[in-house]
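Look at the two complexes coming up: subunit A is in both, with subunit B in one and subunit C in the other.
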Partner chain A sequence: MTSHELILASALLAVLSGVPAALLSKRSNMSQALATLILLCANGIGLLAVYRWWVDGAIAPLSFPAPIPGVSVSVAIDAISVCFLLPILVVTSMATIYGLQYWKQSEHEDNGRGVSLFLGAMTGAMTLIVVAHDGLMFLAAWETMAISGLFLVATEDHISETRKAAWLYIAASHFATLCAFGVFALLYAINGSWDFDTLKTTGTPMAFAMAALAFFGFGTKAGIMPMHIWLPSAHAQAPSHVSAVMSGVLLKMGVYGIVRVSTFYAEIPLSWALFVLVMGTSTAILGIAFAIGQQDIKRALAYSSIENIGIITIGLGLALLGRATGQPQWAFLGVCGMILHVWNHALFKSLLFFGAGSVIHGVGTRDMESMGGLSKHMPKTATCFLVGAVAICGLPPLNGFVSEILIYLGLFRIATSPETLASAAVFAAPGLALVGALACACFVKIYGLVFLGAPRSEHAAQTHEAGSAMCVPMMILAGCCALIGVVPLVAAPLLDRVAAGWNGDAAVAFKLIEEAPLQMLSVIAALIAVLLLAGAGFLLMRGIRRAPSGLTWDCGYAAPSSRMQYSSSSFAEMLVKLFGWALQPNVERPKITELFPQNVEFDSHVNDTVLHKLVLPTTRAVTWCFSWGRYLQSGSLQAYLMYILVVVVFLLLWR
Partner chain B sequence: MISTIVDPCMVLALLLNFYILGVSRLRTVIVVVAVQGVLLGLMYPIVHQGFLPQSGGLTTLSPLSLLRLVLLTAAIVGIKGILIPKLLFQAVLLADIRSTLSSVIGFVPSVLLGGIGAGAALVFAQTLPQPEGHTMHLLIPAALATVLSGFVMLVTRREALGQVLGYIVMENGIFIFGLLLIEAVPLLVEFGVVLDLFVGVFVMGIIVNHVSRAFPEASTEHLRTLRE
Partner chain C sequence: MFENLSIYTLVHIVVALVFPPFLLGVINRVKAIVGGRRGQPLLQTYFDLRKLFSKDSVFSETTTWVFRFGPVVSLTTAFVAVMIVPLGEANAPLAFTGDLILLAYVLGLGRFFTMAAALDTGSAFEGMGSAREATYACLAEPVMFLGLLVLARVTGTLSMSGLLGTGLLEGWGGAAASLILIMVSWFIVLLVENSRVPFDDPNTHLELTMIHEVMVLDHSGPAFGLILYGAAIKLFVFAALIVRLALPIHTGYAALDWSIFLAGTVVVAMLIGLVESIMARLRLPSIPNLLVGAGVLSLFSMILVLVKL
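Our next item is the complex of A and B:
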């Protein structure tokens, strides 16, 4: 079988993976195990297809007739497809294994089978998206993915917050789909064919509109600010393993859309590249600033996803800048950094969501103010979460550092280039540094609040470690993070191929190993890892030998309680204030006037500024405008018949 | 030649429209609608003959097509003149419907609206393209005016049965259109129109029954509570 047939089989099997389970009893865990097994087989076949592609190289697209007469659709695997396919296969496999324990069928009789069904459907749909070679196939798969996502977000639809999140998700998702329809309709208008191919004419308004629709439509899916509004609530309300898939892979489908459309253009204007770079930088900075202000652990992780999408967009902007100015080296580093960050984010963000899921499973809430001290009860989860947190902050020796350093290298090349206009793009480098620092603050806060200190609630004090079906996926993902971090060379061959494929200019073939000091990175990372392990071992030995017992020094206060620890808002206060112009925090600060005040409460939380200050007021105004139309709906049959009469007479007279 | 028969009949159909619009007694309306239907049914063989290329009267027809024509005419007249009125009278009895119709805007304005509709139809029909060799000047205006009258019935009558009657009048208007297209439209389609009508009446009869069971009288005003 060719790689195309294999990948189609994989997608079909994945889409149908939940069907047998849907027919079995809703109380038995067997059905879920069966669905998991089938999905794992499907993903295995997918990996086989990737292997065949690696061996055979690119082959001619496979066309077959669509259900609509006279139309055929086609699939093709190229390096870009594979780069987005790998995270899909890995993360969904991990998620479905994790779900075996996290969302046990016997504990979720009402929706367990639905989760299996739609997780499989979403996996298959995403696989088809990245291998689709024409607009029709892409749109069909895209819509399947969006609808499966809706059902996954709405899993716990008895909670009103979840229903709201699901509505918001589907509204944003349909905006994205609408834009995608526009993109491919324009592609058809320009090229006369649905097939993915280089545009025959560029520089026309149509080509510009297509690029704009692609950026804003696919950007909505990816979560580029200010189109990210659906993302935090959907990620918070979905089951954690679904959030992991959504954050790790689903958002990347938006990125894939933008990357794929960018290959249609033979030349990229400089202004587009700069625009993408600006959007990426602002998304990254504001995303992480919002993350710092959150109290809900999954909302914080969701905002951090927005930040990472921003970093990926910076990489894309860098690559586009390279194309626009004829500097293939920048484009090469940009593409490599972007794709590697796509992988890395898929790995560490799903790891973090799994960790958050274990914590939520144990404590029973997403509110970080009720957690604390969990590392004592959940050592494995805490360790894995720490690995993910260090990786996402872009610190060595883990993988986040590698992808960010590639983007930094590209940005530094820009800084030293003689081109004046392009060197304006240098602002992205300090922007990226700021993002890194803020990410550290954010994850120090999250890790500190959740795993360190004393428990802030009864549940947090009596929690338990997650089972092995939940821990093993986390360990595998943590291992992948460490592998890419310490031996980035493993990713280099595929990155070389994708960069050559995207650049189009095959004559200038770069090698990542020559462009970036990968061996040096390996050595440094290994050194740091060894030092860290040695240090940790040393501390552990010492700690075991003479473990001190007793309270921390409490300034002589007789009754310290866990409530006196840093809270989420107090830790973040300074940074939230700094970004107050964007975050618009809601602070209710009681005024204390008496000498012996009554019980008072202080409350501060950060809502989504774009959603609450811009989108909701606008939709309210629009709803008000349309409410005038209700006068037409009188409920009288005669009136409705009269409307028909009026329309018929109008149509008769109108010409 | 043929228009000397058809056009007066069309005038009669138009006058019947006004009568239907102006009368409140339910039984009278049912009977008049049936009379209009029978009139149009009898138009069918006449117009059919008129369009035959060798229009030498019924004698030139082959026995088979003559039989077909007679049977078809009998079916149309039977459905429009006997079956439907019978069903409607049955509905009146079973559903215990009041014996008079009421109008939202009153009966005189209804007739006026029908008159304006007929005038507008006459003017509008002038602007439409006419088929080749078309001699019946009143056919299209009568069709349009009848459809409009039916619509006026539908829009203004409060009772469900009044709307059923309006619907039948509308169908009569469409039937007149059908007369015009007798060459082009196969008989089967023509017959389908009648069947369509039959099903419509049947379904609406059931609805009327259900409405009357749920509410003390079959007035569509009560449906207002169902909005939103």
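Our next item is the complex of A and C:
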């Protein structure tokens, strides 16, 4: 079988993976095990397809007739497809294994089978999206993905918050789909064919409209600010393994859409590249600033996904800038950094969502203010989460650093070139530095509040470690993060191919190993490891194991309690204030009137500014305007007959 | 990758390991003289380190391995950083294209674990210190990167050894104004990154007002020794950046180069001591203003070189 037939088989099997389970008993865990097994097989076939593509190279697209008469659709695998396909296969496999224990069928009789069904459907649909070679196939798969996503978000639809999140998700999703329809309709109008191909004419208003629709439509799916409004609540309300898939790969489908459409353009105007860079930088900075203000662990992780989409967008902007100014080196570094960050984010963000899931499973709440000290009870989860947290901050020697250094190198290359028009782009570098420092603050806060210190509630004090089906996927993902970080060379061959594929022939001359200090990163990682071991050995030799223990020093105060610890809001207070112009925090301070005040409450939380200050008021205003139309709908038959008469008379007079 | 390995690498490592605590002694001596006192011995930090390394430790019951491991990470990262920055010779032992990004991020790794170790104690004091450190780092990091960008544009290289190498001499001819602005803002970054006055007072006695010292309040014995040593190396790294920025000369005589460089770091330490003697610590809410000010200076400097070259 060719790689195309294999990938179609994989997608079909994945879409159907939950169907047999749906026919089995809802009380038995067998159905879930069966669905998991089928999905793993499907993903295995997908990996086989990737292997065939690697060996055989690109082959002609495979066309077959669509269910609509007279229309045929086609699939094709190229390097870009493979780069987005790999995270889909890895993350969904890990998620379905994790779900075996996290969302046990026997504990979730009502919705367990639904989760299996739609998780499989979403996996298959995403696989089809990245291999689709024409607009029709793409749209069909896109809509399947969006709808399965809706059912996954709405898994716990007895909770009103969940229903709200699902509504918001579907509204945003429909906006994205509408734009996607526009994109491919314009593609057809320009090229006269649905096939993915370079545009015949660029520089026309139609080509511009297509690019704009693609950026804003796919950007909505990806979560580029200010189109991110659906993302935090959907990620928070979905089951954690679903959030992992959504954040790890579903958002990347939006990125894929933008990247794919960018290949249709033979030339990229400089202004587009700069616009994408500005959007990416602002998305990254504001995304992580919002993350710092959150108390809900999953909302914080969701906002951090927005930040990472921003970093990916900066990489894309850099690549476009390289194309626009004829600097293939920038484009090469931009594409490699972007694609590597897509992989990295898929790895560490799904790891973090799994970790959050284990915590929620143990403590029974998403509120970080009632966690603390969990690493004593769940050491494996805590260690895996720490790996994810260090990786997502882009710190060496883990994988996040590798992708960020590629993007930085590209931005610094701009600074060293005499090109003046493009040089405004260098300001993305200090922006990225700010993002790195903010991410550090955010993830120290999350890790510290959840896993370190003393427990802030009864539940946190009595939590339990996650089972092995939950721990093993986390360990595998943490291992992948460490592997790419310590030996980044493993990623180089595929990155070389995708950069050459995206950029045309100009990039073929570049090899990542020559453009970036990949071997030195391994040397540094080894040096760090040796020094850490030496330091730890020194402390062990000095007897820290036998050291006596006492209370934490609290300036002589004799009865410290866990409530006296720094809380999530207090840790974030200064940063939330610095970004107050964007975050608009809701702070309710107690008014102290009496001499001996009792039981006052302080509350501070950060809502989504775009959603609560812009979108919701606008939709309310629009609804109010349309409500005037209801006067026409009085419900009396006479009135309706009257309308008909008026219209008929009007038409008679008109002609 | 070992082409740089030579006698200079050995000298680099020895100086980087032995010299940094001396700078803390210089700062204290300057403060003492300005304050009309005689002051501690110049080598006091070495005595302190020896004392701490031979002591036993006490650990809080709340803490986990993160607390015990934090000091090791902060020393390790400081050491990796000092291996990237060129000192007395032309090239640092770990010089490669893109090492400037590693320099900033490896120090970030150290900061991550220092802050996590602080939160591990479960005390509000350590929480405050860690929140402040996180906040000020967010403001200092972009300033650092703007400076790196300016130097990259002036010298046309992407390695610390190139950035602060002889190529900078031409920069002093053509873009002196930008470089002076960068020097000023990097000095401010030095003060905040190493928790000196006016951002933090390392000698204060009130936990509520501290940043770095309050984060390491609960560490004791050898672990605290590692932290102190790591902090000295970090100060040395930042001092080295400023000295190399001001004097990117390479005479060809190793002994002379090293003497000029070490004398330069002592001058930077004396400057820090003078700043600490004549300034009071800023109120915490006004610290961001100073850092944003430094950011604006480096933005000016960036715009100057963008327009000029």
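Of note:
As a convention for this text, the second predicted complex is superposed on the first by the 613 of 655 C-alpha atoms of A that agree within 3 Å, B and C clash if a C-alpha of one lies under 4 Å from a C-alpha of the other, contacts with A are read in each partner's own complex, and residues count from 1 in each chain.
Convention: a contact is a pair of C-beta atoms (placed from the backbone, for glycine too) under 8 Å apart; a residue touches a chain by one contact, two chains touch by 3 or more.
Computed from a predicted model, the values in this text were never measured in an experiment.
Contacts of A:Pro69 after superposition on the shared chain: neither subunit B nor subunit C is touched. In the superposition on chain A, A:Gly372 makes contact with subunit C only, while subunit B stays out of contact range. When the two complexes are overlaid on their common chain A, residue A:Leu637 makes contact with subunit B while staying clear of subunit C.
Within the superposed three-chain arrangement, the count of touched residues of subunit A is higher for C, of the candidates subunit B and subunit C. In the overlay built on the shared chain, the residue A:Leu652 is in contact with subunit B alone; subunit C does not reach it. Those residues of subunit A lying in contact with subunit B across their complex are 633-639, 641-642, 645, 648, 652-653.
If you check the complex, the residues on subunit A that touch subunit C are 372-373, 375-376, 386, 390, 393-396, 401, 404-405, 408-409, 412-413, 415-416, 418, 420, 423-424, 426-427, 429-434, 436-438, 440-441, 443-445, 447-449, 452-454, 516-517, 519-521, 523-524, 527-528, 531-532, 535-536, 538-539, 542-544, 547-555, 560, 562, 564-566, 570-575, 578.
Against subunit A, in their complex, subunit B makes its touches with residues 104, 124, 151, 154-158, 163, 220-221, 223-228.
Within the complex formed with subunit A, the subunit C residues making contact are 1, 53, 56-64, 66, 68-69, 71-73, 75-77, 79-80, 83, 94, 96-102, 104-106, 108-109, 111-112, 115-116, 119-128, 130-132, 134-135, 137-146, 148-149, 152-153, 156-158, 207, 217-218, 221-223, 226, 288, 302, 306, 309.
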